[in-house]
Structures are given as C-alpha cells and as structure tokens.
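Right after this note come the structures.
Next, two complexes with chain A in common: one pairs it with chain B, the other with chain C.
Take a look at the complex of A and B:
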C-alpha cells in the first residue's frame, strides 16, 4: 500500500531537482509518471521518436524545434533530470524566490524563459537570429500556405522592427526588447495543477 | 486419507450443485436471484466509506499528491486567433503581421502536449478519484488506517479465494456450452426452430459468461435495439463488450479467424447462425470485406452485424475516431453507447501491457463489472454527407449519450504516428492570422487559394 515512498526512490536526486527547478515533490512524482508513460519501451530515457509519437507535438509546426530543445548537443537521449529541467522553464515565475537572494536563478525566471524562446529561433546557437534562421522558422510555421515572396517580406519587416543596431540579425537583447511589454510569465507558463 | 477424499468429493458435488441451480439455470431463463445486486450495494457503501476515510487521511498528510483524473495541467481554452491576439496586444503596432512572439504560442502548446496530451492517457487505465481497495489501482495511496487495511485484506481473500474459483467454473461451463450447443444446433435443417434454438443457446451462454464476471448490465432505451439487417456500432473498451451486448440480443459477429481455443469457438458459432469470419489474408482486402458485409446486410433476415469502428480498445473515458469503412456498407446504423463504472473494476484491455489471458484473470479478480448500455435511435446517411461526416455524426451521438469525451484522434495512434494533414491544418490557421493582415498592407501579395 505504501507505494509513494518507493516511487520517490525511483527519482535519484529528487531533492536536488526540487531545489534547482522549483517543482514540488508532488509535481515531480507526476512528471515521473508522465516520463514513464512516454517511455514506451521502458528504457529509462526518451529518444526523439518517443516525442514524435505525441499527436499534439507532431501536428505542431515547430514541433521539431521543441523536441530539439530537450536534447543537448550531440546527445540522442533525454534522461529524467534533463526532462524536468527543460520543463521547469515553463513553471509560473516565482517572484518571491528572488527576494531571498540565496539560490541561483531558477529556470522559470523571465530571462531564462526568454532565452528558451530565443533558442527556438537561433538554431546554431550563435547568439543571433540571422535572416536565414528567421526564414526557416517562418517556413516551418507557415508551410506551403504562403509564397516565397510573402515569406521574404514578412522576415524583412520583422528584422527591420527588431534590429536596433542594424547588423541584420536579432541579438538576444534586441529580442528581449521587442518582447518587453509582453506578459511572458503567463504566456510561457504551463499551469500545473496542485 | 480416504476420509479426506470423500470429504473433497462431497464439497465438489455441493459446489457444482450450487453453481448449476443457483446460477446457470436462472441464467438460461434470464432470471436473476438478486445476489449480485445486493453484493454491489454493499460494495458501493464500502467504497464510499473508504473514500471518506482516505480523504481524511490525505488532509493529515499533505505531501502525497492528490489523484488528478483529468490531467495534470490546466489549459487555456482559446482559439489560435484569440491567443495570438493576446500575445500581440502588448505591441504598439495594430493589425501586426508576424511577430516574434507568435512562436511562443506554438511553443506553449507543444510543451503542454509533452506534459499532458489527450491521446496517450486514453491508452492506459483511467486514474480513479479515490482508491477502490484493489491493489492494482493503488497509485500513491499510503497507509492510512488499520481498518482500511483490514478491509483490503478481506477484499483480497474474498476476491481470490471465493469469487475467482466460482467465476472460472462459470466461464468454463459457459464456453463449453457455447461450443457444444451451437454444434448440436448446427445439425438441424434451416428452419425457424433452428433460429430460435440458436438464439436460446447463444443467449444462455452469454448470460453465463456475464455471471462469470459478476457483471451488472443496465440497458436503456430498449425500444431502439438493433433490428435484423442493420449494423450495430459501439465504442470499444474491451473484448467483453461482445458479451455485454450479446446478453440482450443476438448479433452476427465480424472478425478474423484465430487459431486455438478462439478458433474452435468461432467455427462452432458459425454453424448455428451466420457470423462473418474472415481469413487473415481477406482482411487486407477492404473491397472484399465491404462486399461480404454488404451481402450480409442486404439479406434482411440475417442478424444485425456488430462492429467496433474505433478499431482498437480505448479506456472508456473518450470516443476516438470512427473509421469510415463500417459506414460505407449501407443499411441502417444502430449506435450503442457503453459506459463502464470504473469504481468496481477496470474493464479496459491495455493490449500492450497485458495479453488476453492475464487480462481475463485480472477482470475475474476485480470486484465486479457494472455497465450501462444505451441504445440510440437508428441513423442513416443523409444526402450530401460522405462516410467520414456520417461517422463523425454517429460518434458525437455515442459520446454525448455515454458521457464520454468526443475526440477526433485516430485510435491507431496507439501504434503509429499522426498524419501530416493535422500539421497542415495548423499551418493553414496560422497563415490566415498573418496573411489576413498582410493583404491589407502589402502591395503585391498574391494569395494562393489552397483549400
């Protein structure tokens, strides 16, 4: 009957994960269940095809990008800690934690959320969204629904607006600036039920 | 030693006597001694007490996560246009075209699917709102009180040592009666006596099998029961659905011929009344399947065909896409909604986790199966409607009646990937959000009509 304690033991560094991500132990248990249900072959890690089997992700135009965000460069598997750390970006921002001033910045802070969004665009992770990268994302989101010229003009307009130092690319600060009025905290949060 | 033997024989005889006279014979006549309903009432009271006890216990131990049967996140219910509008409102530009923030919408939707999606959860057993004193549904329920544990212990004893042997005996009797009875009836010439006898044999055997599962079935709207020459469609949760439906009428089954025990049963069944069994090779040829079914339906005197258009077992919280093949045959469709009560036993067959035998063993060691069956009024395809639209219409009716969620996803997602058409739909929706603005401002945009 007491299966709760045994499932916490399945999570090796639970306390560390809780401190670093801000998830409560109840959330961690739920995420563990979710991880195990996604891991169809019970291998203890997730690979790209486990993600691609999700209908909601496969039909998402930038689904491929989102999947890539889970895999650190060169790796082909995602273990539970990496899974949780990425998902932690989408926790609602705790404003109070920063006031204590002690721990390092949580993944769910505003800056880290923006960094995550930036990396959806910035494929080669060089810190700038080039025109080509922007075009690629636009193409993914729009598919065959618009012509090449429309794509180019959309990209052109977007860069002109955001690119303040006129280097024909959008840096992370310029990205932050163009999104500064937005309520990132709610728009980039997944509300986990208690 | 001999005394032991005589005692064992006497017990065995008593056992058979009880089983035959109190269960099998009433089953033949469709009567019931009411034992099962008393049992169910006691169980429900017990489970309600257990729920209250557990809730009290949970308040004292807040670190244990509460069960969340509807998913672990709360989603914002808005269309793509509404959400993008909200994302852009903070910008100074009105009627903005593409904004860098648009990707955030897709990002959030994608992350939401990773954490909790509508489909994957349908292929595992429903999470209960409270524990029902079965070990197998024990997720994160800790030790709460001594009395609860005692009841659980008694439950284990009753289920495994008293109910289980009884149920196995009944199942064996039921299935052997089916094989023997149908073979005997098969020797008769084709006349009305044969049909009547075949009906009696089938009904008796299914009723015995239902008793073997301690199934309590409530039929609603019996006036809409499927007629001869029609097609009966229902949502699929488990192979037991067949037993549940056949308790109230005779159907012509459709399926693949298997080997082994199933094959013996199938072959003897078809001797007494015409079922539609296919060879494995024939199943691949959709045209052959459809024409055979069509021929069966056209002969208006034959029994209604029973088809499960979802194609696979879903966990009875939702209804997934009905495949259009069954709706192309023609004839009247009689939809049926089946809803199991999850508190007393989990009827869902998770074919990737359990094979048939272990599934049946698990079902026979649950408390009981309580099921509601609603017969819906017959539907036919209307003018200007194609098979897919008709299938969706029937699906919505079934979902609405059964209190199930109506999903458009394909049940075969259990094993395969989703089609690209869904992604194109999303891209189309997004392009409408952007291009609508663009065509006002840009000078030389060509709008491709891609509908």
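Take a look at the complex of A and C:
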C-alpha cells in the first residue's frame, strides 16, 4: 500500500489536478486506486473495452455515450488526468468557493455540468441538439415501450417546449433555460467518499 | 353555512335523544322524543294504546340502536367537516383537527350535562382495529415511493434513534421530576415513567398528516416528518409492550433489555414482511379480476386489512405492515385493474380515511369530558416542557449527524419544522387507556390529553404562520415539462453510469437493480398480459396530451389542419397547438392540490397520477379507443359517422390506450397494398378496412398519435 506521500508521487501533476478539478488529495488517491483496478492490463491508460467490462455500464441505455464522453475526440485511450477531469464534473458544487471571486471555473460548476449533459446528446458537436439526435437518445431510453410515432411526437413536443429561436434544434442556452428549475447541482453529483 | 351548523346541532340533539332513550336505570331525564301517543313501556318502545293486538304505529329503538348511533356519530362528524369548509376564514387560521376536537368537546359537554355521566369514550380496540387502519392505508397507498426511498436512511434514523432518544429522555427526566415532587408524585416508579415516556414520545401520523397537508412545504420535509411518524410505530409498540411486561415481571435483568432490543428489529422487519407478503398476494389476485371487475377494489382493502390484522395478531407492527402492503401492491394493481376500479379504490381510500380521521378527532374531544381526571401541576407542565425540549434536542443532534451523509442537507429551518411538527395524537390516547390500572393512571390520562390538546391546538395553529415566517422552501407545484422529464431521466442514467465507473454503490445502483428485478420477474408474474411499463417520460407526455384534450373540450379551439403524424407539423398548426397547450397547462397548474389532500382526489395534477401506466380499457366487453383516431377530410364524412359515435362514448370514459409495436407492424402490413391506392395513405387505410371490421379500424386508428383536438372529430 505504501504511505500516502509516496502514492501521491506516483500521480503526475497532482497539485495541478487538484487545483483544476477541486478534488482533495484523498479523493485523488481513491480515484487512482480505482483507475488502476479498471486498468486490467496495467497499461497505464484505459481503453474502451476496459469500460465495457463494467457490467452496469453495459446495461445502461446511454452507456455507450457515457463511455464516449471519457475519450477526447480522436483518441482511443484515457489517461489518469483525463479520467479525473471528466469525473470532476460530478463533484458536488462548492457554493462557498465562488465567493472568493477570482477562482477559475471548476468542472463541477452548474454550467459545466449542464455542458457535459448537453454533449451526451450532441454527438456531432455542432452546438445544437437536432431532432434526430434527440430521437436517438429517446429511442435508447424508451426502447421498445413506444411506437415510432409516439417517439416522434415526444421529440416534437420537447423541441417545441425548449426551442425559443425556432431553428428546430436546441442550443446550449435553450437547454440551460429549460432546466433552470431543476436542481442540477445535487442531481448530477456523485459522492466520492469511501 | 348557518344551515349546516343548525343541522349539526339538530343532529346532536337527536344523538342526545337516542342516548336518553337508552338512559341507565334510575336516572330521570327529559325525553326529547316525539310526543308519545300511548304508554312508554320500560324497554323504550312506544305503542298506540289500542285494545287490539294490531299496532299501527310503533317504535323500537333498541333494535337499531348500535348502527343508528354509529351512523349518527359519523353524520355529525361529516357535517362538522362540511361546515368547517364552508365557514369563511376559519380554515385559514385553524386546522381542521382543532375544529373537530372542539366540536367533540362541545358534544361531549352537552352529553355530560344531560346525562351526568361520562359520554361514550373511544375504546382502544375500536381505535386500533377500525379507525386507525384506513388512515394508514390511505397514507401508504399514496406514499411517494421514490422520495421515500431516497430519504429512507434519514427517516429511519429519525424514527428509530429519535424515538429512543425521546422515550428515554422523557421517561428519565419525568422520573427525576417525580423524585423531586416526592409528596404528590412519590408513588410513580421509574418503569411507570418510562412507560409513559414511550407512549407520549411517539409522533402521530394522523395528526401530522392533517396539519401538514394544509401547509405547503417542500416534499422532502413532508416525507421526512411523515415517514418518521409512520415508522416510529414499530419502536413505540415494542417499547410500550416491553415496559408493560417489565411492570408485570418481578424483576428486570440486563438480558431482558437486550431481548427488548432484538424485539424492535423483529417487530419492524416482521411487519414489513407480512406487508410484503400480502401485497404480493393482492397483486397476484388482481391479475385475475378482469372478469369480475366490480370486485377488484374490494381485494385491495381486504388484503390490506388482513395484513394489518395478521401482524397485530403476531404482535408485530401493524402500521408498517399495512403501509408496506399498500405501497407494494399499488403499481401492480393499478396496471391490472380497470380505470374505473382504480378511481373507486382511490376514492374509497380517501373517503374512509377522511371519516376515520374526523371520528378520531371528535372522539378525542368527547372523551376529554370525563370524571376520571386527576390534575397535578408539576407533572403536567413538566411533561409538556420535556416533550418539547427533548424533541428539539433530539432533532438537532440527529440532524447534525445525518447531514454529513446526505446530499441535500436538512437546513435549520427544516429542522425547526420537524421538531415543531411532532404532533401527538390519538395513538397516545388509546395506549394510555390500555395501561394496567394503578393509582396514578388517571393522572397519566389527564396528562396525555393535555399534551395532545396542546400539540394539536397550539402547535397545529401556529405552525403555519411560523412556516411562512421562516420561508421554508415551498413545494414546487408545476408538473415537470416534458423536456425536464427527459433530461432528468438522462441525468439519472448518466449518474448511475458514472457511479459504476467510480465504483460507488450509491442509491442509483440499488434503484437500477431493483428496477431490473422488477421488470424481469415481478411485473411478468403479477401483471396481466404484462402490459409494457410506461416510462415516466411517456406518462408525462400522455398526461399532458390528456389534459389538453380535456381542456380543449371546454373551449373552442382554432381550426387546425390535422394530418397523419409522419411529416413535420405546419407552422400554423404548431402555433395553435402551442397556444392551446400553454393556455391549458396554465389552467391546470393553477388548480393543483397537494398530494395528501384529504378532501379531494388529486385528479389531474399530482405527479403520482402521472406515474400510472396506461393500458387498454376493457369494460363491459366493449373496446374504447381514445383520441387516437386521425381525422379525415370531409369526403370521408360518411365514414366518420360510426367513429364519431364511438369517440363520443370514449370521451366519457377518458381512457387512453397505447398499442404495442407488434400491432403497428401488423396493421401496416395489412394496409400495405392500400397505400398505393390513394394520395392520403392513412385515410385510405381507414377507408379500406373500416367497412369490414370495426375492430381493425380501431386498431389501425389507435396507432396514430396526433394532436387531434376533440372538436375536430365533430366536424
């Protein structure tokens, strides 16, 4: 196991990661352990099949998209700092830190969280959720419970509700506005305590 | 309003009359009877004094006495309730429970004045066996499941540990007070104090419900207080019986205390298991009720009551059993049983629980007027103070602990409401009557009554202004928009996935696991034809659809040009639809009532309703389809005739139906050749098929979902 100081030395850029993501060193250590247990072949990075080995994720309707979210465009591997940066979106929002004013925006802020969720829809990264993209997600989530026409109607209606500039797609701002009443901060938080 | 009050007064008078007729021997009372035409025989029946054996007019009260009096009491209670709601500003200031107790006090006083003896009291048996189950059943059936389980840890924490803290605290400090006031209270032993503590410490679900429903607090707070009041029954029952049996034992050893601790667990989990068992049985039974639909609601009540009685028989927690039973069977019963039966179940639940609650409060008032009071200033006042103090400190301590583990911290304001909203009610009252007789029993009874009256009146009346003063987060009232529902679901899946990655088994993990188990095994086994479970997104969507249809009936919508769904809607269609939707949604949102409303079924408005899955309604052998028939153009006017009739019928039954995908494929296959024939393929399909089969038309028609407005069909 080793002492905590020597383990922290194994994590490159630990201090920088802590500053950018807001994780504490204890969190980082735990995430490091988790990373190493996911990395079955001890390669020092994760690939898609490492993620797919997780049973729960495989049964998740949007599991594929979640996995994709870890990989930055074009790459096939996830190293530890990317792993941590993605997971940092799910830290509970620190309300107090913002009062210090000049903090750079943490991944766990509400906007960043919403951006993350937005990108689960917007696979082609054009900044808008088109009707087709919405339909794909709906199809994945609702599965065989609904007929195709019902899916179309639901998507139609959802776009009507949110689409303010009538371009038949949902931009990030419209997305944010439609969720303004929802408590994203708590909903999109995972407790990283052991 | 005045009429109602006079009516209730008349009723009380007739109650008195009945009681007078059955007056105990030896006391002379005025008879408020209709003028007698003949002699009064000693058993209270009148007869015309004719030499003949034939009696033209006679009255035999004893024959119907018991049911007659019961009905009169219930009538009095209900009229009082009606009067309360019609009486202007009173409901805003005074909670209903207070008014009912006051009415009870009044009636009790009058009866006492007339008869000079104690009025009928609430017997513990009647309370526990007849009056309490409907209320708890109603609460359990409408329990918001997801919210409850999300907060289950906190609720258990408060219920078990909080109750223990209160019981021990109040018991021990009361004993201290008794020791101090040696002169008057010297003969109250430690065990007696602990026994008293155990029954007075428990928060009462009936009182809590009746006060909190009139206050709009956020759901989380409501579920915390309410869940606690339900679950602490297990602890209360065990502690009460424990101390009672300790009182009977010659001596108490450490082993007995340990066994007592085990008993808490057994009682709680035992009640849970009994409830689960009967719940699943009820779900299974409801699967087979399609041929005798009128009986279906009866099974719900029978099984729930059976679970309650069984666990009472086994000395387990009856409240937990009945709540678990109701919560378990709900989703399966709703899926299996027709729409009308569902409505009947919900209405009967509300009705019975309403009547029960009213009766309980009135009897509380009536039973206060008794001969057997014993007053002792130090005891009563210290009990009141100690109850408040121990509850406040308990809540503070426990919350400080539990906030570290929760995502949504329980704020100070919430804590205040939890502590202040710990009302005592009829459960304490009945329990105190059940104590074995000992010299100071009357003192206990008096103190219990004082505490109940204090909490219900003072705390009940002041909690609403205090809440407003503290700006407790109010309940969000709006139905979530479809976007919110969709995105919320996405985020749920997302967080579950991330928790998988991180390896943290949060509540999402267990929720997902349970849902999978539910879908794979339970639903298949317990639901008829395994109708597909509608996801909540679908339900919200269909609920919104249903509302706009109903809303449109009331107003004249602009003409929309409806066509089949495949192509995107024209701009003017969208505009009119959106206008109608926003207008109707606003209207419906304004009519919302809170979830646990005693007085109305939350028809269109609460989230609970939207969770109900939709299914094909088959009643009386006919098939109704609803609002899913595409409208065709004028040339098919002749064709639309039979359908118009059918839709007219269907509207009155307000049933929705979804066709599974297989039907879609079937009809499209059969309609394939028709498509090439005419310009409007869907209309042609109707053309082709409907002369042959009414049913096929329905099936084909049903698969079209469109924003069809009611009025359109009439054209």
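Quick note on the criterion: the second predicted complex is superposed on the first by the 191 of 194 C-alpha atoms of A that agree within 3 Å, B and C clash if a C-alpha of one lies under 4 Å from a C-alpha of the other, contacts with A are read in each partner's own complex, and residues count from 1 in each chain.
Rule of thumb we're sticking to: a contact is a pair of C-beta atoms (placed from the backbone, for glycine too) under 8 Å apart; a residue touches a chain by one contact, two chains touch by 3 or more.
Keep in mind the model is a prediction, meaning the values are calculated, not measured.
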Let's test your reading of the overlay: on chain A, do chain B and chain C clash or fit side by side?
clash
After lining up the shared chain so the two structures overlap, which partner does A:51 touch, if you call chain B first and chain C second: first, second, both or neither?
both
Is A:156 in contact with chain B, with chain C, with both, or with neither (first, second, both, neither)?
second
Regarding the shared-chain residue A:73, is it in contact with chain B (first), chain C (second), both, or neither?
neither
Which partner does A:59 reach: the first (chain B), the second (chain C), both, or neither?
both
After the superposition on A, what does A:92 contact: first (chain B), second (chain C), both or neither?
second
Does chain B (first) or chain C (second) touch A:42, or do both, or does neither?
neither
Who touches more of chain A, chain B or chain C?
B
Which partner does A:142 contact after superposing on A: first (chain B), second (chain C), both, neither?
both
First (chain B), second (chain C), both or neither touched by A:26:
first
Superposing on chain A puts chain C and chain B in one frame; which of 131-139, 185-193, 203-211 or 527-535 is the clashing stretch?
527-535
What residues on chain A does chain C touch that chain B touches too?
31, 34, 37-38, 51, 54-57, 59-63, 66, 87, 90, 117, 120-121, 137-138, 141-142, 144-147, 149-150, 153-154, 157-158, 161-162, 175, 178-179, 181-182, 184, 187-192
Over in the complex, which chain C residues touch chain A? Could you list them?
407-408, 476, 478, 481-484, 486-504, 506, 509, 512, 516, 532-535, 537-538, 541, 544, 565-566, 568-569, 574, 577-578, 658-661, 664, 703-707
Which residues of chain B touch chain A once you look at their complex with the stated criterion?
63-66, 68, 71-74, 86-87, 90-91, 93, 97-121, 124, 135, 138-143, 149, 152, 409, 413, 417-418, 422-428, 430-431, 434-435, 438, 442, 444-446, 448, 450
Per the touch rule, the chain A residues reaching chain C in their complex are 31, 34, 37-38, 51, 54-57, 59-63, 66, 87, 90, 92, 117, 120-121, 137-138, 141-142, 144-150, 152-154, 156-158, 160-162, 175, 178-179, 181-182, 184, 186-192
Could you pull out which chain A residues touch chain B in their complex?
1-5, 7, 25-27, 29-31, 33-34, 37-38, 51-63, 66, 87, 90, 116-117, 120-121, 137-138, 141-147, 149-150, 153-155, 157-158, 161-162, 170, 175, 178-179, 181-184, 187-194
